[in-house]
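Please go over the structures that come below.
Consider the two complexes below, in which chain A is the common component and chain B and chain C are the respective partners.
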Partner chain A sequence: MMRPYSEKENVQKKPYYSDRFWVAPQIPKEPVESDAIFASDLDVLKAKFEIKEAYIQRGQMVVYINPADNVDVLMCLRDELSYNFLSEHSAIDWLAKSGEFEIFYQMLSTCKHKRLRIKCFIKEKETLKSVIDVYKSANWAEREMYDMFGVIISGHPYMKRILMPDDWYDHPLRKTYPLQGDEAAQWYEIDKIFGKEYRDIIGPEERDGARIDVDDTYRFAHINHEVPFGAPRSLEKTVTEYQEEGGVFIVKKLKKEDAKILKERP
Partner chain B sequence: MAQHKINYLQEAGLPVALTTVDKLVQWGRSNSVWPLTYGLACCAIEMMATGASRYDFDRFGTIFRASPRQADVIVIAGTLTKKHSPFMRRLYDQLAEPKWVISMGSCANTGGMFNTYATVQGADRIVPVDIYLPGCAPRPETLQYALMLLQKKIRTEKASKKLQPKRLV
Partner chain C sequence: MQKVNRLKPFFENLEFEREDNHMIVNFGPQHPSSHGQLRLILELDGEKVSKATPDVGYLHRGMEKMAENMIYNEFLPTTDRMDYIAASSNNYGFALAVEKLIGLEVPRRAKVIRMMLLEINRISSHLFWLATHALDVGAMTIFLYAFREREYTLDLIEDYCGARLTHSSVRIGGVPLDLPKGWIESLNKFINHLPIDIGDYEGLLDQNRIWKMRLEDVGVITPEQAQSWGCSGPMLRGSGIAWDIRKEEPYELYDEVEFDVPVSTTCDSYGRYKLHMEEMRQSIRILKQLIPMYYETSPEIMAHAPQYLSAPKEQIMTQNYALMQHFVLVTQGMRPPVGEVYVVTESPKGELGFYINSQGDPYPYRLKLRTPSFFHTGFLQELLVGEYLADVVAIIGNANIVFGEIDR
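And then the complex of A and B:
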């Protein structure tokens, strides 16, 4: 599927170009009836649980369920429908749109050679039951989901952040989290190592990777015009050599004319 | 009766070399710069290559040590994350004086391409850095050159115990 053409006459002149009417392309959805195995699986699920929506995308069935049923649905999938592997489990942040997280469980059946995705929506402060009793692989996935999104899980044996430090503030994969960090994140290492009072001494982070200050000899060196750390700039020419001119006791100074240069590798 | 006579004043001179304590001590230190076995990311692979037989760090007297108590220099080889920064600072504090720091690669110098919430934007926010080594990742030759420059720097320093305390950062 191609995105529709839009005028790009002056794209080069603009520092940032964004198409205001761009709509993310969607992979076409097929009915579940088009695949016999998925259709029979869905019938088993429909007999026991409330199914909100189901379709096939890219050869994988997607089933929307009630968040309260998650443990029972996964138990049924594992024991009755032989989906024996939970390969991925995380959340999608839709808080700005609807105040909800979309939770997904990506499953694999090694017997049927099929992949299936169970999805459900939960509110921001709603708790979700842990599925560790069904799949052990959910342990770290749920910790990561809590760490990155702040989804609260009930019944997890060790509910602790997995990637970020324990004293980290906020959940970094939320859409509202700034990429370069909030205040707590930007000063995290300074506050932790030196204490808050050192913020003024050390200064804020330099976030512009292209910043160059010719007068700043703390951070920038002028090749062939080198001065000691922090000294003012000078135009006096310096020769960069890795060893002192007179040589050092015992350490022999390499002279280029003494070196034997090979034309090709022996 | 000696079979031959050495005239110390005429030939190669007296078998005495005059030098200063500073020069002698720092000459010794510069030729036994022991780095800490400490790698953070892909730059550590280049550091390992520098330590291995082809590039052979040992010929500079540079032998990787497994304990900060035995090391003189710490090579920050790779991305320094904020989560890891307290441990990095602790390792630096555990190095015995005198100690030096080589910041290896773009990530350790400035945060590099990781302009994000989780990366320390330059290791010099945590520890004082002596040599900044550009590259992503720097070739082993670059690390060798950095070590030679560090040796040169060490030779210009004073050996005295009354060294000025290093700035905090």
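And then the complex of A and C:
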């Protein structure tokens, strides 16, 4: 038997229906000249660095730079152009398309009331310089980016995984990583808690949180067919009494006349 | 040699037995004052912290990965689980980001209702902050008082959307429901009484000797630190930087209502406590202005955009084409234009940002959640150094971190 072919480079969910004549509209990109503050900022950057592309989208300027310039560009933005915050910094996975990560730095200037995005592309095994000396908020953002994408950062004082365990295999936000986790993820907790030798006895972890097993009486109860916890399923009908229908009274000592129900705030 | 793959404590580069006055303390992740699952590895020199290493990830659910595998409307209830103390503010941040992405204008009544929900959530979050922070520091009474008032905010939200914790009270393109009958009256009752309650809290705490000793000059954040570490919200305004996104980059109708942005220049925990109290008063002020604005609006609560949003239920049930649209939008999802947005809102904790990169598919290509608590927790490694061990709990409580949005 042959397994059906599935694309391995991008295992994210895809629409099951697509109209091949439909062309997705684009969010318009406005020229930088349309905003005076952004235009003067870009002129300062252009004088010092190589700018690959720059435009304004939805009110925020996007500037593409060389990945080697990242520290200098951010230093210039902070010291000369008063962009005093690095609000966010992360990556986008384009490995399937071009073998690259797109890195973005989301900046904010509180005195100019402007937000801009510095972007660059790096190859999968390429190293990116840490910007932690310019903005300390990059400390955890870079760690998270390494954890989630495997982007290699140089010059970070404590480059360790942040959200996933230290010995986790692979980087979960890559498009090649399945949503339910890969083979290594199935065995991770079994190996941790019991040891590898128990793999045959316990079996792999169920990683699909939405899976329902009708024979499982540990996790699922069967209404009207109740059995003791973990016992095999039975088709014998059990009687359920409801309080509303005059059945068992669950709280035996409750006196209704003693209870006080407030209609509104005293 | 320790076996790495067994569930035993495994600390590389950490020495527990030392001859000098140093000690390493593991704080959390099950510590009641760690506000969730924060684990801190504290290196102590006597009683002073000489190095702090926050360790997070115990509540990591991979929301960004989930978002890439969900249509936009499916993801909205997941955002409830980020900052679960004020769930509506996350719903709203996400809905606003998608609206910016597809370029949608929301009806005025929906805007008013959204702002009401946001401000009630802010009050609810601040009350929760005050209660747990005071409890951590040792004030039990304030915990009970603040939770009593928080109950009324939860009742209001429950009356509106039926949920108390995971609200999902905002939809992309508007709000699901109009305000129920009698809601405005109970809101009025609540906001008329709350200033008295806030006065009670302040009466208990403001001049309280213990409270002042525990908070004054503890957790001092200089403006430079706050900027460099990407602090936002009360953590930033507590350092004397007046930056409130509602004021500076107004969304919805925040440019039409009058309110002040409280700023504290003392930079310490006590200043941030005063700030939270004042912010609640400003929220009440906004809510009071919103009530007459609500009555002036026309009754539409969802935007009309058939390409992206389903028609109202009455139309779906009566008109064939609306039903077809609805079927396509539910089974396949809306397809926003190609492009990217980064949209920020002022959540009770600070700057809540949603970065969405859309490639024209029903699933976002990349969705990055910028949460204030993540950056505030990262800042702890510098903030805690030099403080006493007993103040660590006060500083964590004061930073107002919620683990749902740190680990996501």
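Note that in this section the second predicted complex is superposed on the first by the 179 of 266 C-alpha atoms of A that agree within 3 Å, B and C clash if a C-alpha of one lies under 4 Å from a C-alpha of the other, contacts with A are read in each partner's own complex, and residues count from 1 in each chain.
Note that in this section a contact is a pair of C-beta atoms (placed from the backbone, for glycine too) under 8 Å apart; a residue touches a chain by one contact, two chains touch by 3 or more.
This is a predicted model, so every value here is computed, not measured.
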Name the contact category of A:Leu179: first (chain B only), second (chain C only), both, or neither.
-> both
A:Ile193 contacts which: chain B (first), chain C (second), both, neither?
-> both
First, second, both or neither for A:Pro157, with chain B first and chain C second | neither
With the two structures laid over each other on chain A, which partner does A:Pro165 touch: chain B (first), chain C (second), both, or neither?
-> both
Scan A:Lys136 for contacts with chain B and chain C and give back first, second, both or neither.
-> second
Taking the superposition as given, does A:Pro4 touch the first partner, chain B, the second, chain C, both, or neither?
-> neither
May I ask you to decide whether A:Pro232 touches chain B, chain C, both, or neither, giving the answer as first, second, both or neither?
-> neither
Tell me which partner A:Ile92 touches in the superposition: chain B (first), chain C (second), both or neither.
-> second
Can A:Arg207 be said to touch chain B (first), chain C (second), both, or neither?
-> first
According to the contact criterion defined above, which of chain B and chain C contacts more residues of chain A?
-> C
Of the residues on chain A, which ones does chain B touch that chain C also touches?
-> 163-165, 172, 177, 179, 192-193
Could you pull out which chain A residues touch chain C in their complex?
-> 12-17, 22, 24-27, 57-58, 60, 62, 84-88, 90, 92-93, 104, 106, 110, 113, 115, 117, 135-137, 139-140, 144, 148, 158, 161-165, 167, 172-173, 177, 179, 191-193, 195-196, 265
Touching chain A in the complex: which residues of chain C?
-> 4-7, 53, 56-57, 60, 62, 64-66, 68-70, 100-101, 103, 152, 189, 193, 225, 227-230, 232, 241, 243, 248-249, 332-333, 335, 337-342, 344, 351, 353, 355, 357, 359-363, 365-366, 368, 370, 374-375, 377-379, 381-382, 407-408
In the complex formed with chain B, which residues of chain A make contact?
-> 163-165, 172, 177-182, 185-186, 188-190, 192-194, 198, 201-202, 205-207, 209, 242-244, 248-249, 251
Which residues of chain B touch chain A in the complex?
-> 17, 19, 23, 27, 30-31, 82-83, 85-86, 89, 110-112, 115-118, 120-122, 125-126, 145, 148-149, 152, 155, 168-169
